[in-house]
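Dropping the structures in below, format is structure tokens.
Both complexes below contain chain A, partnered by chain B and then by chain C.
Up next, the complex of A and B:
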């Protein structure tokens, strides 16, 4: 065939590199409204659910049992299930029906029912519902701080800058596992330099993650994954009960935590039981609620290439965020992993959460260049800061970031690394040299950093752990070297696990360590002029981005 | 030693190709004719723990080289397996192939291969091209070397992985084969990988357990 020049041009566009596939429902490669999804139903006998979504109790798998016994509200489930799904969908979207009324019937819907309900909505209706149903009134944002070299100085500088830019939560992970404690300490010191009260976590293997939390190297946890089919749970050496036990371990130490789930994981692992991705994700969310966990990170997350490849996949991702909110769970709503080569697609996908606002619009925005992002890259990174700030300004939306001044950024990066330098010295960890401080202060990414003596770092980390080091020694080190304000912030963060206020749903701290959660900042959206609105003070900041010229200076 | 191995291998090739032509014993013989490498896989009896310390066991999932013939980047299974086996044999170690009908998970498959291996070193190789090197005393979800980004592994790297596995089997401590990272591999291949894996697990058969496989490559 003689080729059309138009088609040849189209083939050169980045989107041509994306891997799209047609639906294959039998393997679960269907985003929502799967032909074999169960029909919603429930039967209660003698105060017990004996039938759920077309399955008798004797045929329940462990997720069905867990949801029937621990999640659904027996007082209302029969009443709510009797309602037409379209009627429930209308109530969820209708701004005249208040959030509390909708919240009341959340636990009266079975997983199959809630999937049927949101299936009646288009994405604009879902965004309307998200605006009303997210738990915390004020939207917020989370970022990733990592680098290929696990370089502590760079981690501290990047964390300090990210805190200054407005992120309320910060997540790191490792290139090499043995660096985990060093990374956790580095971003905590850096973040508390940038702004007191930023919450930090380090995503690694579960036992290590818990230990770091208990030592006070992290302030919360997120990487506790749950799955929507029994087989996938078992393949991960887990059950709903073992995950609940882990959640309790965090709660017992006063540490905030949320689970992680998302569409596509079951299909990717080969055991979707022929069900749609959204139906299986709904089961994860009901399991999460039943475990008593306050929140979830979802929005497909690391499996986004799977829903992203099938029809209505990005809509299903918004739907899964919405279901989490209908269950009154905190929702860190994804946007955290590369899923496309197309700049158009990634922005469109992000607007679904950015426009209505969620508890954390990204569950991680990459606060490092994507080549340093050890979560395999995020949808947006440091090089997109001006684009993101401009979107906020164009649309008058609070996406969680504020414009910053270059000089201020350089200053706070430098202070963050010097604070960490002092901590490393006191903890007898390998030195952070003055050359490293200088490089990290001005770096774009790890390509601008000298290499570390990796084996030396490992020995230092191991010795530090063996001496039983906790956050308290870090506070002492900071204070001893004149970083009193950072020490104060770090210490305040440690104290929060005794107060426990930030175990409430959707909790974050402001710079004065005032806890902002769904309890004292409850979402009260009820139409125009209500709910979250950008304050005049914040709007002044958002308007004045780096790129906006002052008319007074033009032509003079 | 290596010459003898080659000679034996050639004889086996000749015998098996003769058998295939006559159509004898074809019930348990499957032939992959896709692509360049003509590969014959004959399933033997239940795989047992190896006695000789100079072997590395390669664990394959059920559909490898049979119902499926290409990785997610369309590398021919025959070429991939030939490179891995050649890498092992280059180090003077025997490559023994088994098919695992119990699991297609790369970690569990590799761990099982290591347990069956006389040297305690095994390789797990999925039809989609994901590969790892395992050791029998490690936790199944751990490994010696893992190459999660299958689209980035070329044939030369498959051979290097075979070589490294053989060197572990000889008690050496080789430098890991360098891994590559491309954040755009996910948007391009994740859904295709999911399709391949879903095709794979359809052929699992708990009753068949794990069987030895005799592999021969045609010209």
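Up next, the complex of A and C:
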């Protein structure tokens, strides 16, 4: 065939490298409205659910049992299930029906029902619903702070800058597992240098993650994964009961936590039971609710290649965020792992959460270059900061970031690394040299950093752990070396565990350690002029980006 | 609509009656203590400092930065207590978060269990790790040694489900 020059040009476009596949329901490769999804149904007898979504109790798997006994509200489930799904969908979208009234439906719908309900919505209606149903009134944002070398100096500098830029939560993970405690401490010190009250976590294996939290190296946890089929749940080495126990273990130490789930994980692991991705995700969310966890990170997350490849996949991702909100869960709404080569797709996918606002629009935004992102990249990164700030300015949307000044950034990065240098010295960890401080202050990424002596670092980390080091020693080290303000922020974060206010749904701290959550900052959106609005003070900041010229200086 | 409302109220009342009859062992003593806490008392650390104490009984204001630096106050004071968790559960209930409130009540019980034992129990609860008897032993330990009644119930339930679904030690 003689080739068309237009088609030859199209083939050169980045999107041609993306993976797309036609629907294949038997393998779970269908985003929502799967032909073999169960029809919604429930039967209650003698105060017990005896039938759920077409399955009798004797045939329940672990998730069915857990959802039937811990999640659904027996007082309302039959009443709500009797409603027409389209009518429920209309009420969810209708801005004249308040959030509290809609919230009541959540625990009265079975997983199959809620999937049918959101299936009636297009993405604009879903965004309307997200705007009304997200738990916290004020939207916020989370970032990733990692690097290929697990370089502590660079982690501290990046965390300090990210805090200054406005992220309320920060997540790190490791290239090599043994670096985990070092990474956790590095972003904690860096973040508290940038702004007191930023919450930090380190995503590793469940038991290790809990231990770091108990020691005071992290402030919350998120990588506590749940899955929508029993086989995948068990392959993930957990059950709904072990995960529920873990949830209470965190709370018993005054530590905030949320679960993680997402469409596509079951298909990716080969056990989707022929069900749609959204139906299986709905089961995860109902399980999460039943465990009594305050929130969820979802939006496909690390499996986004799967829903991203099938029709209506990005719509399903928004739908799963919405289902979390219908269950009154905090929602850290994805937008993390890279799924496309196309800048257009990347932005379009992100707008679904950016425009209505969520508890955490990204989970997270890459506060490092993409090559340093150890969560397999993110849809947006440090090189997109100006684009993102411009979108906020263009559309008058608070996406959680504020414009910053280069000189300020350099200053705070430098201070963050020097603070960590002091901590490492005091904890007898391998030195952070002055050369490393200088490199991290001005670095774009780990390519600009000298290599670490990895073996030496491991020995240092092991010794530090064996000495029983906790957050308190870090506070003392910071104070001893003149970083009183950072020490005090670190101390205040540890002190918050006593009161436990930040265990609640969608909790974050402002710079004065005032807790803002879905208890004292309830979303009260009810149409134009209500709900969250950008304050005049914030708008002044958002307008004045680096790229915006001052008319007074034109022609000088 | 009115008919629906009445029906729903009746169901509500009946189910509460059911709970009251069958479940004295199921609904263990809750430390709600009738403080009547609601979202108006939140954040507790700001609005109800009188109710927030450290493990040794100090108030929030007694926990000072200088004393942590000098070592006068021990790091073990930076912990939440069972009482505070039960207060937070009460607040959670006031904003209709029943399951979350229950989680906080389970957590209140677990404040009495040390870190290592918590990690061990968590690992024992993972699939294929324990026999049914081992799980029941943990439940008894939690109930008798730590007065952790709600957690014990959760683990007994797990033991039954693991048995039914073949997720006990040796089932793989």
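Please note the rule applied: the second predicted complex is superposed on the first by the 556 of 556 C-alpha atoms of A that agree within 3 Å, B and C clash if a C-alpha of one lies under 4 Å from a C-alpha of the other, contacts with A are read in each partner's own complex, and residues count from 1 in each chain.
We adopt the following convention: a residue touches a chain if its C-beta (ideal position, glycine included) is under 8 Å from a C-beta of that chain, and two chains touch if they have at least 3 such contacts.
Source: prediction; values computed, not measured.
After superposition onto chain A, partners chain B and chain C are found to sit side by side with no clash. Legend: residue contacts after superposition of the two complexes on their common chain; A:503 is shown touching chain C, with no touch to chain B. Between chain B and chain C, it is C that contacts the larger number of residues in chain A. In the superposition on chain A, no contact is made by A:485 with either chain B or chain C. In the superposition on chain A, A:426 contacts neither chain B nor chain C.
Within the superposed three-chain model, A:125 lies out of touch with both chain B and chain C [touch as defined at top]. After the superposition on chain A, the angle chain B-chain A-chain C between C-alpha centres rounds to 100°, nearest 10.
In the superposition on chain A, contact of A:237 is made with both chain B and chain C. Once the two complexes are laid over each other on the shared chain, residue contacts for A:308 go to chain B alone; chain C is not touched. Once the two complexes are laid over each other on the shared chain, residue contacts for A:519 go to chain C alone; chain B is not touched. Judged by the touch definition given at the top, the superposed model places A:20 against chain B, while chain C stays out of reach. Closest CA pair between chain B and chain C after superposition: 11 Å apart. In the superposition on chain A, chain A positions 237 are in contact with chain B in one complex as well as with chain C in the other.
Interface residues of chain B facing chain A in the complex, by the touch rule stated above, are 104-105, 141, 181, 183-184, 186-195, 197-201. Residues 17-21, 24, 27-29, 235, 237, 264, 267-272, 303-306, 308-310, 337-341, 370-371, 373, 376-377 of chain A are the ones touching chain B in the complex. By the touch criterion given at the top, residues 4, 7-8, 11-12, 15, 18, 39, 42-46, 52, 54, 60, 63, 65, 68-69, 71, 75, 77-81, 84-85, 88, 91-92, 95-97, 99-104, 106-111, 113, 115, 118-119, 121-123, 125-127, 151, 154-155, 157-158, 161-162, 165, 167 of chain C touch chain A in their complex. By the touch criterion stated above, chain A contacts chain C in their complex at residues 47, 61-62, 65, 69-71, 74-76, 79, 103, 206-207, 210-211, 214, 216, 230, 234, 237-239, 241-242, 244-254, 289-294, 328, 470-472, 475-476, 479-480, 487-488, 491, 494-501, 503-505, 514-515, 517-520, 522.
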